[in-house]
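One chain, chain A, appears in both complexes that follow, with chain B as partner in the first and chain C in the second.
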Partner chain A sequence: MTGQIVVQFLTGLASAASLFLIAAGLSIIFGVTRIVNFAHGSLYMLGAFIAYSLTQRLAAGTAYGFWISVLLAAFVVALIGVVIEILMLRRIYRAPELFQLLATFGVVLVVQDAALWIWGPVDLMGPRAPGLDSAVDILGQRLPEYDIALIVISPVVLGLLWLLFHRTRWGILVRAATQDREMVGALGRNQAWLFTSVFFVGAFLAGLGGAIQLPKGGADLLIDLNVIAAAFVVVVVGGMGSITGAFLAAILIGELQAFAVLVLPESTLVIMFLAMAVVLVVRPWGLLGRPMGEHAPGQAAEPLLRPATPRARLAWAALIGLLLVLPLIAEDFTLTLTIEIVILALFAASLHFIMGPGGMVSFGHAAYFGLGAYGAALLATTLNTPMELALLAAPVVAGLGALVFGWFCVRLSGVYLAMLTLAFAQIAWSVVFQWYEFTGGEDGLLGIRRTPWADDRIVFYYLVLAACGVAIYAMRRMIFAPFGYAVRAGRDSRLRADAIGIDCRRFDWMAFLVAGAMAGIAGGLYVYSKGSVFPDEMSIPRSVDGLVMVLLGGVQTLSGPIFGAAGFTWLQDEISRLEYWRFILGGTIIGLVLAFPQGLGGIWRQIEALIRRRRATGIEAGR
Partner chain B sequence: MTGAAPMLEVAGISSFYGWARILFDLSLSVGRGEVAVLLGRNGAGKSTTLKSIVGLVRPSGGSVAFQGTEIAGMPPHRIVRMGLGYVPEERRIFTDLTVAENLEVGRQRPRADAPEWSVDKLFALFPNLAEMQGRPAGRMSGGEQQMLCVARTLMGNPSLILLDEPSEGLAPVIVDQMAATIGELKSRGLSILLSEQNLRFARMVSDRAYIIEKGRIRWQGSMDDLESDEAVKQQYLVV
Partner chain C sequence: MTTRRVFLAAAAAVLAASVFGAAARAEETIRIGEINSYTRLPAFTQPYRNGWELAVEEINTAGGVLGRKIEVISRDDNGKPTDAVKIAEELVSRDGVVMLAGTFFSHIGLAVADFAQQKEVMFVAAEPLSDALTWAKGNRYTFRLRPNTTMQAAMLAEEAAKLPARRWATIAPNYKYGQDAVAAFKAELLKRNPDVEFVAEQWPPLFKIDAGAEAQALANADPEAIYNVTFGGDLAKFVREGKLRGLFEGREVVSLLSGEPEYLDALKDEAPAGWIVTGYPWYAIDTPEHRVFVNAYRAKFNDYPRLGSVVGYNTFKAIAAIIAKAGSTDTDKMIAAAEGITVESPTGPFIFRAIDHQATMGAYVGRTALKDGKGIMVDWFYADGADYMPSEEEIRQMRPSN
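For the complex of A and B:
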């Protein structure tokens, strides 16, 4: 028994190694550049794939060749990181941080298809590390020798990083820039160079993490998003920007997972979430983190949201009129696409509700869409609940989820909040994915039929239009009601809002609830439009779809998410039949962000500012 | 670079924050070895002027010449590397770094045309700092942080430094120390442009004064002229 515990403990330490490496890299990059690098998991994945290819070629089968391959893979990944930094991120450091995030997600998509093209869709088994391919006997239990190597690697890397950051001029500059990068520039340091070198180190660590876990986990096309979720958890638990914190958190998570496997194998992801929830409630900034300055999504003051002008009302009326007569003129195919667009417009509007007026960025809004969808689908399949009731239950299920998740989330702000929402969404996803008996796992739930009266496509179209229209209009009304004012006041200045007696946290929580329930309505309708539901509906890409819709449309306009949803859904529908559609989608996202770093809505504002300046200077000169 | 050019020549710059215009055709100059002061009330545009010179705010229109070279529109790190040091109003010490590490961040190669500084020379100038080299800068008093902030900028071996309200929030005895330090820097050949609200402090250190109000220079002249002009003092400086 003791032997088993000891060996399991050591296994946990070993699995903490690659978690620590990727989390440390993520943390360092965020510290200096303030970019949440979604593509960090992709760099990790590339580390694994490249190490695989190298071990096949470089003195295969020798210990020397293996370790050279691992280091070389990390180095190649570091260079890829530098290329990403120079070609893409360097151009958008001044853009709102969400656009930067979006661009890094574009990289995720591009890398996924690039890896698919280079290495193919088959999962690759990693080679055993030569010289470390047997097991040692510990108290009667066997422990792979390679695990011992992994256990040694983390503290060694931690020590080297400590030396790098405290004993070299570069490290001192990086620590200074983490605190105040503008001031480092005002002392004569070129930030561009510093950022690039930081990206090199961060990407190296990610690549190393992916490479060293190759003998244990192999390489496949899913590890990028799986590992990025785990890395977010480790960084948040350890405290943003703290490498020692990441080290401790990686061990904590590694150990919890190691022992959870013994007790209940399905609980590995849930245990990770529980640990994070407990840590964040006790220490909101992580184990060794410190409170960050209020980090509003927009750096400048948010533009005011105004009620629609008469002209805008007319435009809305025209749009609604068009949608109402659409079934008379459109083909079936167009109608089906429009149903999807209208449903996703509600989803995007609900995300906008907490992001724009609420100022809370959610990376995991698909959770509520998915909860609504699965809530309705499960009622229909297990209890034979009629469609009407299931559709009503969808927002309740999603709302309950939002109530629980939101309770934790509103205690945080900025990046911490965003990462926590992502973690919750991953939990919800993993429950659905792993609980095969109840949810059908990967196979999804099929054969969900509409009630006979709504079976006709046109009738269902009107049902969707009515439900989504009412829901979107209701959110709009809320934004211009005292409730909306209170939420926006809390976003703009928490301190002042608190001081005039607004319980900001409570209002944020309620906003979370509303957004979750609204997304649930969309999820329920979605199930009945498709007749089936799969775990994909609550996965990270679905959450990012929502972000893309909201951001492309403009965070601080009410109509933005609706048009964003329409444009994005249409684009996806156009390209999804192509083999490398992710590559095209990712490339499009990157291209849009590079071309319009202030967002499509931001262009007009920039032009307006320019005109005003011209005018002001002109008047001055005329005097 | 001509030897005859003034240390700093600002001609007709305007600066904006978004839509808001802060500076209006502002001009000033600092001669070699001179201490000039920019006096004005809160919100007059003093900090924005200094930030526009060092490149943290990009002036739209006008020219900024440092030792005869046009620097308007350059990124701050290039301007600073030419020998123009900047000490911000909020100090912006790296609180997580030790005193010695803060100085290291500011270090640059020596310059032929500017006094050369080393850690030891700075510790001689600021004896307090020598005693707390290993201490995290966040655990120092406000006065000590202000001294560290000046020392950090001097590590870049500048020939001109911009000091944004160096006396703000300091105890009177520390203000006097700061004045002595500025005198010492001047005697070593540094040119200095500072912004101030504190007339008593400005009197102790400066040769020449500019008075700024609502983003425009309203008055300029020697410190002595300002001293004798009660009306100007009354109009622009008395709160």
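For the complex of A and C:
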């Protein structure tokens, strides 16, 4: 028995190794540049693929060739990271917070299709490490030799990183920049190259993580998304920016998973997120993290939100008029697509409600969309509730969820808050996913039909338009009501808002509740538009879609999420006929990010500013 | 400025593509809408696409059906059921397809089947394995080609029951398909050998297996035999870790789908030997109709067929047969024609049964072996799907009457 436990423990340590490498890279990049790098998983995947190709060519089958390949792959990935930084991220450091996240999401899509194109669709099984391809006997159990190598490698890397950060001039600069970026700049350091070099190191570690796990796994096209959530969990549990924290957290998560497999095999889906939720509730900055400033340095304060100008009102009226007559002029499918866009616009607007005015980023907003959807669907399938009642119940169910989850989340801030929302969303998802008897699990709930009067596509279209229109307008009114001003005060200056007697946390909590309930309305309508519901509606990709819509539209404008939802949904529908459509979608997102750092909704504002500048220079020239 | 121009060019290209796409559609073709997870699971769906492309080419070269050519409008569902439903809607209302086909994942198959029932469109499901598709949640408009989870599990259980092993352990991906596959195998094995016991169950998350820990946990339970449902990358990792840790030494392994080239070939020289599997030994099936298929496939794609290729091929051959028999593309007539139709295929004839719309296409069952650094199937036989279905009485009880 002891032998079994010891070997299980060592196995957990081994799987912690590549987790630590990717998390350390992510943590370093975030610490200095404050970029939430979604593409870090893609770098890891590239590391695996490149190392695979190299091991096939460089002195294949020799230990020397294997380890050179691993290091070389990490180096190539580091160069790719540098290219991404110089060509893309460097241009948008001054864009609103989290906008860089959108750019990195574009990179994820591009890399997915590029990898498919270069390496083909078949899973590649990693080569075994020459010289380390058998097992050793430990207390009567067998442990692969390569596991031992991994157990040794990760503390060695930790030690090297410690030396790099504490014994070199570069490391001291990086630590200084992590604490106060502007001061480092004021002292005359070239920040651009500091950032580039940090990206080099971070990408190198991601590539190394991907390469080094080859003998345990291999290279396939799904590992980027599979690993990125785990990497974020490790970084956040350890504390953003803390390498030692990432090391401890990787071991914690690795061991938890290893023993959960032994004790409670069904818990494999959720154990990691449960652990993160517990850690964040107890330690809001992770195990070894330190509190951070509310905003990344070097960024302009958020501009004021202003009520619409007369011209904008006119434009809105025209848009609504067009939507009202759409059934007369459009074909059936255009109407179906518009229904989906309008519903997703409400979903995106509800996310924007907490992200923009509330300043609370959510990585798990799909939870409330899904709770609304499942609330309505379960009422319809188990109790035969009519559509009208089920639709009314959807925001209640979602609102209750938001009330509970929000109570914990508003106690945190920044990325920690975002990751706690993700943890709750994953917990809710795994309940729906695994409670087969009640929710149907993966197979979902089917056969949810509309009440006869709303069965017609056109009638349902008007129902959706009315419900979503009223909901979006209500949120807009709230933002310009005292409630909204209080929420925004809490976002912009917590101390001052507290000082004049605003209970910021309570207002945040209420904003969370509103956003959740609104997402629930969208979820309920979505179920009746499709006739079925699946756990995917609560999963990470749905949350990411929401984020992309909001960021694409522009966090700083109220109309942003609506344009973001419309643009993203329409574009995806149009191009998904093409074979490498993810490449085009990703490229388009990157292009938009570079061209319009204010988002789609901010285009008009950007043009206005341009005209004003032209005029100003014109006056100067004429003087 | 340049980036903006690039973006405009890209947008123009997208628009142009959609406009020309519409214009290029020939008149007078019979349009079939095809939906599958091309970006989510390319390893399985690309050979599948090759398969149906070959079938459609053969059908059209021979003059098409009802004197018209078959035109397939194929779309990627992105691995999401709601996307699949949206695309199905677009295919039916905008592209005017007469029938839907395809899908890989069970939940996506179920979503499209539900849509088919709602909109009264015929749907021929190709890959999805969920029992529910033709039984508990079956409907009048949905037909399915491949043998479902219970049928395949029963084929394996029959072989497993001949083993002396009494203590069994299972490992399956942690989602509905894995759960169903384990439950079905347990039931079928207990039916044949009431004295077996199941001593451990492992549920790794799909495509995220922690193989070392899972293999170790199975070894700790010390079973006499193991039933495996993991596939793809999970299977490769599980095999490697299990071998290193001596998990398979002195133990029988019964493994669902692992003999399919899609999964077995990825293992290369590490393919396990002696496992009892379902799969597709394309290199050894020596019937005239199969030889013709393999030769045509190799000539067209310069590659050997996978199981997905056969599934894609058979699906569209079946569709053509159904339309030809119906003499029309009217949904009711096609359904009437499909019920009980016999379709000739490279893997032998199969019937779409009238009672549940399940095809009797079977699967190949055999043992794995290593040959020339590659996994193959030996001592295999073709298990006809018809022999592994519940009685008509049982089906009538499971299937909603509509």
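A few points about this structure:
Basically, the second predicted complex is superposed on the first by the 512 of 623 C-alpha atoms of A that agree within 3 Å, B and C clash if a C-alpha of one lies under 4 Å from a C-alpha of the other, contacts with A are read in each partner's own complex, and residues count from 1 in each chain.
The rule is simple: a residue touches a chain if its C-beta (ideal position, glycine included) is under 8 Å from a C-beta of that chain, and two chains touch if they have at least 3 such contacts.
Quantities reported herein were computed from a predicted structural model and do not represent experimental measurements.
In the superposition on chain A, A:Ala481 contacts neither chain B nor chain C. Using the contact criterion defined above for the overlaid structures, shared-chain residue A:Gln179 touches chain B, although it does not reach chain C. The partner of chain A that touches more of its residues, comparing chain B with chain C, is C. Chain A has no residue lying at the interface with chain B in one structure and with chain C in the other. Residues 4, 7-8, 11-12, 14-15, 112-113, 116, 121-125, 128, 134-135, 141-144, 147, 216-218, 220-222, 226, 257-258, 261-262, 265-266, 268-269, 331-333, 336-337, 340, 433-434, 436, 440-444, 446-447, 449, 526, 530-532, 534, 536-537, 541, 571, 573-579, 581-582, 584, 587-588, 591-592, 594-595 of chain A touch chain C in their complex.
Contact residues on chain A toward chain B in their complex (touch as defined above): 169, 172-173, 175-176, 178-180, 182-191, 300, 609, 612-613, 616-617, 620.
Contact residues on chain B toward chain A in their complex (touch as defined above): 14, 16, 18-19, 21, 24-25, 54, 56, 60-61, 75-78, 80-81, 86, 88, 92, 94-97, 101-102, 104-106, 108, 152-153, 156. Against chain A, in their complex, chain C makes its touches with residues 3-4, 6-7, 10-11, 14, 17-18, 21, 38-39, 42-43, 46, 75-76, 78, 80-83, 85-87, 89-90, 93-94, 106-107, 110-111, 113-115, 117-118, 130, 132, 137, 174-177, 179, 201-205, 207-208, 210-214, 216-217, 219-220, 232-233, 236-237, 240-241, 244-246, 265-268, 270.
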